[in-house]
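Chain nomenclature is as follows: A, B and C, assigned in order of appearance, with residue numbering initiated at 1 for each chain independently.
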Amino acid sequence: MRIAAGEYFLQGNEACVEGAIASGVRFFAGYPITPSTEVAEGLAHRLQGKDGVFLQMEDEIACISAVIGASWGGAKSMTATSGPGFSLMQEAIGYAAMSETPIVVVNVMRGGPSTGQPTRASQGDVMQAKYGSHGDYQVIAFAPASVQEMFDLTVESFNYSEKYRVPTFLLSDAEIGHMRGLLRVSETLKIIDRKEKGIRRPDEAYDVPDELVHPFPVFGKGNKTMITGMTHTDTSRIEPEDVKVHQELVKRLSEKILRNRKDINKWELICPGSKTMVISYGSAALGAKEIAAANDRVGLLRLKSIWPLPEEPILEVARQCEQILVCEMNLGMLYWPIKRVALEAGCKKVELLSKIGGEPPTPSEVRHKLREMGAI
Amino acid sequence: MDIFEFYRQDRWPHVFCPGCGNGTVMNCFYRAFNELNMSLDKTAFVGGIGCSSRIPLYINSDALHTTHGRAIAFATGLRLAKPGLKIVVFTGDGDLGAIGGNHFINGCRRNVDMTVICINNNIYGMTGGQASITTPHDFLSTTTPRGNKEYPLDLAEIAVAAGANYVARWTTRHVHELTKSIKTALQKKGFAFVEVVSQCPTNFGRRNKMADPTQLLDWFKESSVRRDKARLAAVDHVDLNLAGQITVGEFVDRNRECYEELIGVEKHE
Amino acid sequence: MKPVIDPKLCKGCNICVYICPKKCYSKGTEILEAGYFTAVASSSEKCYNHNRAGKLVCELCILSCPDQAISWHEETEEEKKK
């Protein structure tokens, strides 16, 4: 059922499907939306009978709601969408954050705003992934930049959502989702299952202290679980009027992620210590990657996880270099928090190469900008 | 089982207004559940947002209090992830028919096994008395201060058209019939829908010259007509539901395959 | 069996007064601990279930009471004679 170890030539979205199956996904609810539809179609084939349940729901709100419900039934659940659908899902994402439900949402980003460019890439939803729903909450988000990472980071998305009981996003884009490339699957994969109430397993999830991430009370096991989006106490009393209860709950939802940044942060570093560093993620990093590989005056910090923002590697890089170029496929979103961290670390110059319109920044565009900056 | 094995003792008494129909529906449900010897550990309750959607939080079982209008979607995921779990959804007229309309229609169509009890009080009660999609024409509410210009929706007829396996509507004046219908609904394979027209004296009755719950109950009694004996066929009259008549009874009882059977998930228990 | 109203649970809606076909209930005339008029089972001997054990005949009040304030109790020897 799970893809056998070996080498494959697959589409990015297909690799995501394989990653989900390998993680043990047992429930998928999706709605057709370009450029993510292949994920739904792939899982429609694979989730049958005892393997799991595939549902095409009536709208994206139904999808995300069903995914959350299925997670409470004990299943690893996932949905896949793009910008317009992602916008619809925000209320329920806030609900998943508040009720601490492990879910994975794949967003294959396309040109926006609104209907925008259905078949072209962008990175326009990166802020929405963190701030899309109302209120304060933390999420985990990964940004794959290759077919291989569509597989690997899907597996990681499941692992982290289960470990920290938090909605986790795979922020891909139309380029990565639709490109075809090499996927290498190894014999063994690290799979983490949620810490379940009343069960003790030698699983990494159990390393997180119970006060930070409570054991998950699956439905149908006599737990008399009461789950709500309203402010509640740790013993599931509903206390929307209580100031202290609200403070404790909302702060804990943040702390459980922020305190574990070291565990969550993922990045790739090419030529660290270069005078000019490019900081980028997803397909926006591909152009700079070519340049950094061939030129010792320019390095690349490619963020593989973007929420929580990996401040530590950014700080490290900012301390050592003279100037930073942030490449994004939007008009500047992660640029601002990255710039803040870099300036605080003493870096003198942080510039932005923003490319919208549907294509990632090409190597020559990046080279042109770097020349303007005096880097090469 | 004893009343406090059924209800959460630490959350008692409930906060519903004096004379609220919710408590009556809870009684009928408790009676039906008990007579069928059902187990709370094998049942999960799902509610949206609203007064009636809070009922699951009073029952001593797994409860999922979801976002407004989406109870059926959450319940669909929960049921298919754990097909052995009996699902009961408590919702309201606005939660189900307005914001949740799409999920309601597709829930009936998809026919996943669940029992949905919609407590229709013709108003958005919890938020203070705004007009709902079942508020009768010309009635007053906080958002229709000069009378409701819109016409109400007939939720039970929609469930019939959309394919639910069992559809019934009663009022809180028909406690015995309601209990019987809930029993049938709980045992039914597939999507079973029971609509209960219920009194909201505080936010509906009070603004429409029926502040006393007994006045509302009288109104239900006067307006109720058995569906097969209705003065006007549902399709003939434009003023759906409560145009001087509330059609009650068991509307449909059929045996379309439930979704779990269609996709080959564990056999229905 | 006779119906008894728990004044701690009763919210004084008087649905029982309205619904009982034998007029066993009436509106309260004394303000008890709750601070408002709770209903009373003033003529519970008129109940269909008076002197009846086992399967009860009419339970309209119990099913209708929104606050689960009514419950069946065994009659005293005195009450059985009414």
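The definition used in the following text is that a residue touches a chain if its C-beta (ideal position, glycine included) is under 8 Å from a C-beta of that chain, and two chains touch if they have at least 3 such contacts.
Predicted model only: the values in this text are computed from it and were never measured.
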| item | value |
| --- | --- |
| Chain-level touch network, classified as line, ring, star, complete or other | line |
| Remotest chain, subunit C as reference, centres from CA atoms | A |
| Inter-centroid spacing, subunit B versus subunit A (mean Cα positions, whole Å) | 38 |
| Distance from subunit C to subunit B - Cα centre to Cα centre, in angstrom | 28 |
| Centroid spacing, where centroids are CA-atom means, of subunit A and subunit C in whole angstrom | 60 |
| Overlap residues in subunit A, where contacts from two or more other chains coincide | none |
| Residues of subunit B defined as touching subunit C within the complex | 3, 13-14, 16-24, 26-28, 31, 172, 175-176, 179, 201, 212-214, 217-218 |
| In the complex with subunit A, residue positions of subunit B that touch it | 8, 10, 40-42, 44, 46, 57, 60-67, 70, 73-82, 84-85, 102-103, 105-106, 263-265 |
| Complex contacts: residues of subunit A adjacent to subunit B | 26-27, 29, 48-49, 53, 55, 57-59, 61-63, 65-75, 77, 91-92, 95, 219-230, 237-238 |
| Subunit B contact footprint on subunit C (complex, rising order) | 9, 11-15, 17-19, 60, 62-68 |
